[in-house]
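In C-alpha cells below, several structures.
Same chain, two partners: subunit A is paired with subunit B first, then with subunit C.
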Partner chain A sequence: MALSTHTTHSGFLLPSIHSAEPFFTQQPNPNTQRIVTEQWSRLILSYARHRNLFSIRVEDAETAGSEWDEILRNERIKRRLLPSHLSHILSEMVAKSQAAYEPPKQTRIVLLYWRLPEEWAEVLHQWVTSTGQLTTILTFYEITDPPVPSPLSGLPLVLLRKAIGILAKTGRAQIISIADGEGARFFAGTGK
Partner chain B sequence: MALARFTKPVDGTIPVPALLYDDEDLVTSQDEVGIYDGSAKSPLHQTGALTLTSHRLFFISIPTPFDSFSLDLSHVVRTDYYGGLLRSSAKITLHLNVSADDKNDSEGPGEESEWATWECEVCGNRNGPGLSPAKAALCSLCGVPRSLSSSGPSTPKTLPAQVRTSLTSTLLPALPARGTGPLTSTSESGTEVIACPACTFHNHPSLRVCEVCATPLPLPALSIQATRSLTASPAPSAALKSDDVSSIRLSFRKGGDKTFYAALKRTLQGKAWQVAKEASSTSYTTLSTITGGVSGIMSAVQNNAQQRNTSMSTALSDLEALMSQAKHMVTLASELTEQIRVVEAKAKAEGRGSLSDGTEEGEAANFIQTSLAQLGLSMTNAPITQDMVKDERKWMEELTRELAGLLQQGEERFGNNWEGEIILDGSFGVVERKKSSSLMRGRGIVGLDEIWGGWNRARGVALIPPSTFLQALSLLPSYTSPPLLLRTFPSGLSVLHTPRYTHVAFTCRLSSLITLSGPHTTLEVAQEERVTVSLAGEMIAEVEKDGEICRDEVQVDGPFCGGRDVRWWLNVFEDYAWDGQT
Partner chain C sequence: MRNKSCGFKLWQVLEYQIASTSRRCSEMHRVGGGIAALERHQQAQRSFAELSSEISQTQITNLQSQLSQFRTALAHFASTHRDKIAKEPSFRHAFQQMCTSIGVDPLAGPRKGGWWAELTGIGDWQYELGVQIVDVCISTREINGGLIEMAELIRLVSRLRGVNSGEITEEDIVRSIKTLEPLGAGYQVVDVGAGRKMVRSVVKELDDDQMIVITVAQDSRGRVDVDGLVQKRGWSVERARAALENMLLRDGLCWLDEQDESCPQVYWVPSAMQWEE
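Right, the complex of A and B next:
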C-alpha cells in the first residue's frame, strides 16, 4: 500500500499522506492526532499560499463547491474531512497563531496566516519601496488592488491594518485619515 | 317435619343477596322448584326460586313470599339425585343430620347474634352483625370465642341493645332443656311482630330494641321461636307425625336440576361454613372483609405479615431443594470422573494408549467428560472448603490449585490449541474436532465472569465469593503452565489469558496482519484471532492507545441503515515526512 503524491487541477502537489484514508479521521489517540493536525495545518497553509486564499470556513468542509475542495475532499479514496475535524484543526492553528478567528468571538471562520503579520509588513514595505511610492499617501484600496498585480493583491483589510500598524511602530509608516476613507504614508529606513 | 326443624323463615320480599352473611357467596339459583317435606309435598312451598349460597339454601316462595325459608347447608349429610321419569320431575333429596340440628339449637348465641352487635371481653372490639354463625362466634379482631358469661359484666357501659343481647344469650341455653322438641313454644306471643312496651310500635321480630324509641323489646328469642314454628308449619299436629323424617326433596319442575345438583355437590364439598370457622380461629386471612376502624388496620397489617412469612418460607424451601439437588449433581459428577479415570488407567496398563483411540469405551468416556465440562461439573475431587484448611494462606493456595486444575485439565491431553485438536479417527477415517474439557474450552482468552460462574458450578456447594476469587487469581500464574495471566481492560472488563494474548504479542500479530493483508475491521480481526468482537475491540483499543495503529472511520450510508465502519491501519503518521508542495 504505497502512498503517492498527486497533482491537482490547479497545479498543487498534494502530499502522499493525503491519499491515506486515516488522514481524514479524527484519531482518538492524542499523539497520533497531534501529527494529523500538524500535517493538516501545513497542508492548509501551503494550499492557501498556492491559491492566494486568506480565510477558511468550517462550512467549506460541509458543502462541496468551495475553493478548498481540492484538499478537503479526496474523491480517489472517497474520503472527506468532516466539519468537526476541520473545526478542531482550525482551533489548533489559532492556538499556534498560524491563524486567527476573524471576525473575533466566533469559531467558524479563520484568517489564515500563511505569512505572519510581521512578514506581511516586510512584504508591504518592500513593495512600496520597489514601486517608488515612499512618502506618497496611498489608500488601502490602492495597496490591496493595484493596477499591476502584486503580492499584496487581495490582502484582507484586517491583515493590512495589522501590517501597517507594525510598520508604524518602527516609524516606517503612518496612518492618515483622508476624505474617502483611510490611507497610509510610508517612509524609508528604520527610523525618523 | 324436617322443614320445620331445620329451616329458618326468611322474608321473601327481600332479595336474596341482601339476606346473605358478609362472608357468604351466591352460587346458583333455579326457578320453578317445589319442596317435599320428607316424601309428602309441602303445600306452601310448591312454586318458588331456589338459591344456593356457600352457606345456605334459600327457597323464595313466589305466590306467598312470607313462606320463604333458608336451610343451613351444614345440616345436609347426604344428597340423592333422581333423574325424573315421564311426568315425574327430577328431584334432589337432601338427608339432614338430626344431631347437628340439636347442636345448632343449643348454640343459641351464635344464631341470635346474626342481628346484634356484641363486645369482645378480651379486646373490647365491637363486632358487627351480618356474619355467618361460625364466624360470629369469634371476635373479628382477636379471634377469641365469644363467651356467654363475659357479656354480663360489660353491661354498665354498653347500650341497651347489648343488655338485651346478653339477656337473651343467657336465657337461651335454657331453652332446649325446657322443651323436648323444637315445637315447645307454639304461640306464646301469638304474633309475628313485637309491640314495643313503651311506644306500642309493632317491631319486626328480629329487632332487639324498638325501631322508634330504642326501648328494649320483651323476649325476642321466644317470639322468634314462635314465628319460626308458625311460618314453617302451619299444621303442627300433622308435622308431629312425620317427626322421624329427616329429609327434604327439591323437585325441579322446569329442569335445571343437573347443573344445580353439580353446584350443590361442589358447595357441600367446599364446606365454606367450616372453613370460615377454622380460618377465624387460626389465622386472619379471611377476616379481610372487616375493614373499618383500628381493627381493620390491625388485621390488614397482620395479614400482610402472615403473607410475607408464607412467601418467604416457600421461597427458602425452594432454595434448599436446589442446594440439595446441586449436591447430588456434584456427587454424580465426581463418581463419573472417578470411573473414567479407572477405565483410563486400565487402558493405559493394557498398552492401548489414550482413550481417544476410537474404541466404543473411549468414545463414551470422551462424551461424558465433554458434557460434564460443558455443565461446568468436570472435577477430579470434591471442592475444597475453608473448614478443610485451617491456614488462610494455605486455603488460598489450595483454592488456586483447584482453579488451575479446572482451567487446564485436559489441555495437555488435547494440546494447547485454540479450538481443540483435529483427531483422525483411524478406523473410519472420520475427521472430528475434539474440544478440550477445561473451563478455557481451548480458548486463549476468557472473561472472568465465565470462569467464576464455571468454577462455582463445578463446586456446587460452598460457593466462592468474587473477592476470594480475585485473591486466588493473583496466585494463579504460578500454578498454571503455560501461565494464565489476568488482564483488565480500560473499560473494566477483566479476562484471563494465555501468554499468546498478552498486549505485546497481540500488537505484534495485529501489526503483521495489517502489513501483510492491508487494513482490517474489528470484525475481521476478531475472526482472525478467534475471539469475540467485543474482546477484539478491547484489545485493539489498547493497541491504538499505544499509537501503533490508527483508524479510518467512514460513514456508511446504506439504503436502510447507516453506520460507522472503522478500519485499522498501521500508524501512517508516525514516520511521515512532508512530500507535498511547500
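Right, the complex of A and C next:
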C-alpha cells in the first residue's frame, strides 16, 4: 500500500505524510523531529484555515470527538497525535509566531495565526471599506458576527483587538467606548 | 576506396624515398674514394633514419586524414541523430555502447564535454539530468535522510521532466551521477543487494548492517523492527538494536513509531516507503 493523500469528510486534502505511521510519534532525532514539527505546523494551520478554526488545545489530542479529529487522528492506520507531542509542536509554533498562547501565561491553548494580526488588519479594513461602513461606529459584535457572513465571521476578540490596534497606529481606526461594550470607527487611508 | 588510394600514395612515397637515397649513396661512393668506411657507414645510417622518419610522418598524415574522415562521419551521424539520441533510451544506450567499444567517451574532452558532446548534445542532456537528480535528492533529503531508491528517483526525475517513466533509465542516472563526481558532492550509487540500487546524496558511509536493514525494510514497505531482523537474518537482539538505533539517532535514516500494536518500537525507513504524492 503506497502512502497517499486522503480527502476527509470536511473536504480537506491530507498530505501523504499523514498516512505514514511514524509521523505520529515524537522523534528522538532532533533533525527528524524538526521536519515532523514543520509538517505538523503547516498541517494545523491549513486545516484551521479550511475549517475557520482559531484555536487548538492540547486536550484536543486527548480524547476523540474534537473538531480537530480529522488531522489529529488517522483511524486508517490506527495512529493519533499524543498530547505531549502536540504540546511540543504548539510551543514551536508559538516560537515561530505562527501561534500565540491565549490567554497568556499558560501552555494548553493557542490562538492560531493562519493569518497574522497584520493580515487580519488589512482584511478588516478592506471589509469595512467594501461594505461602505467607513466612519460609521461598529460594535465588535457587528464585525465578528455580521448578518452577511464575511471573512471576519467568528474572529476571536483578541485578534480583532490586535487588528484594530494595528489600524489605529496608522490612523485608519479608532477604538470607541460605547454603552454596551466596545466599538470602533474606521477611516480611509493609505496605511502609510 | 580511400584506403586503397592512401596505400597507393604511401607506396609511391616509399619508392621515391628509396630511389633518392640510393642515388645519394652512389654519389657518396664516387666522391668518397678511400676515406674512412666508417664515415660512409654513418652517412648511410643518417639517411636511413631520415627515411624512416619520413615514412612515419607519412603514416601519421595518413592516419590523421583517416581520423578526420572518421570524425566527419561521426559528426554527421551524431548531428543527424541528435534528437533521437536525446529522446530514445534504447537508441541512447546503443550509442553509448558504440562509444565505449571504440574507446570514445561522449563526455570526454576539454570544457563543456568536448566536441563530441557538443555535436550530440548528450553532454548537455547528461548535465541537465544531473541537475535534476540533485534537485530530487535535496528536496526529498529531509524526509529520507539522503538515501533514495533508484526507482523512486527515476520516477521523481521523470515527473520533473514531464516525461513518462521509461524515458530515463537507470543507466542514464548512473552516468549522470558520474558526471557529478568532480563536484565532490558525494553522490553515490549504492548497491544494497538483491539487485536493488539506491542513490546516496550525503557523505555518509553505510555499513553492511545498515544495508541489510534497508533491504529488509524494502520487503515490508519500509517497516522494520528488532524481532524481524532477528528472525529474518538470524541477528542477535543487540546487533539488530544497535543497527536500528544508529540509523535512527546518528544518521536520521529512519523514523520511530511507538504506536504499533505488536511492537513498542518500530522503525520506518522513509527511503523504502512508497510515497505517492
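Note that the second predicted complex is superposed on the first by the 189 of 192 C-alpha atoms of A that agree within 3 Å, B and C clash if a C-alpha of one lies under 4 Å from a C-alpha of the other, contacts with A are read in each partner's own complex, and residues count from 1 in each chain.
As a convention for this text, a residue touches a chain if its C-beta (ideal position, glycine included) is under 8 Å from a C-beta of that chain, and two chains touch if they have at least 3 such contacts.
Model, not experiment: these values are computed from the prediction.
Enquirer: In the superposed model built on subunit A, check whether subunit B and subunit C fit or clash.
Expert: Taken together on subunit A, subunit C would clash with subunit B, as the superposition shows.
Enquirer: For A:Arg51, decide between first (touching subunit B), second (touching subunit C), both and neither.
Expert: Once the two structures are laid over each other on A, A:Arg51 reaches no partner at all.
Enquirer: First (subunit B), second (subunit C), both or neither: which does A:Ile35 touch?
Expert: A:Ile35 contacts both subunit B and subunit C.
Enquirer: Which partner chains sit in contact with A:Leu43 here, subunit B, subunit C, both or neither? Use first/second/both/neither.
Expert: first
Enquirer: Using the superposition described at the top, determine whether subunit B or subunit C touches more residues of subunit A.
Expert: After superposition, B is the partner touching more of subunit A.
Enquirer: Check whether A:Pro22 is in contact with subunit B, with subunit C, with both or with neither, and answer first, second, both or neither.
Expert: Both partners.
Enquirer: Of the partners subunit B and subunit C, which touch A:Arg161 in the superposed model: first, second, both, neither?
Expert: So A:Arg161 meets neither subunit B nor subunit C here.
Enquirer: For A:Leu14, select first, second, both or neither according to whether it touches subunit B, subunit C, the two together, or no partner.
Expert: The first partner, subunit B, only.
Enquirer: Determine, for the stretches 205-213, 349-357 or 529-537 of subunit B, which one clashes with subunit C when the structures are superposed.
Expert: Here subunit B runs into subunit C along 529-537, and the other listed stretches stay clear.
Enquirer: Both subunit B and subunit C touch subunit A; at which residues?
Expert: Touching subunit B and subunit C on subunit A: residues 1, 3, 5, 16-17, 20-25, 27-29, 31-32, 35, 78-79.
Enquirer: In the complex of these two chains, what residues of subunit C are touching subunit A?
Expert: Residue positions touching the partner: 142-143, 145, 221, 223, 248-249, 252, 255-261, 266, 268, 270, 273-277.
Enquirer: If you look only at subunit B, which of its residues touch subunit A in the complex?
Expert: Where subunit B meets subunit A, its residues are 518-519, 544-545, 547, 550-554, 567, 569, 571-574, 576, 578-582.
Enquirer: With touch defined as at the start, can you tell me which subunit A residues reach subunit B in the complex?
Expert: For subunit A paired with subunit B, touching residues are 1, 3, 5, 12-18, 20-29, 31-32, 35-36, 39, 42-43, 46-47, 50, 78-79.
Enquirer: What part of subunit A is in contact with subunit C in the complex they form?
Expert: Subunit A reaches subunit C through residues 1-5, 16-17, 20-25, 27-29, 31-32, 35, 78-80.
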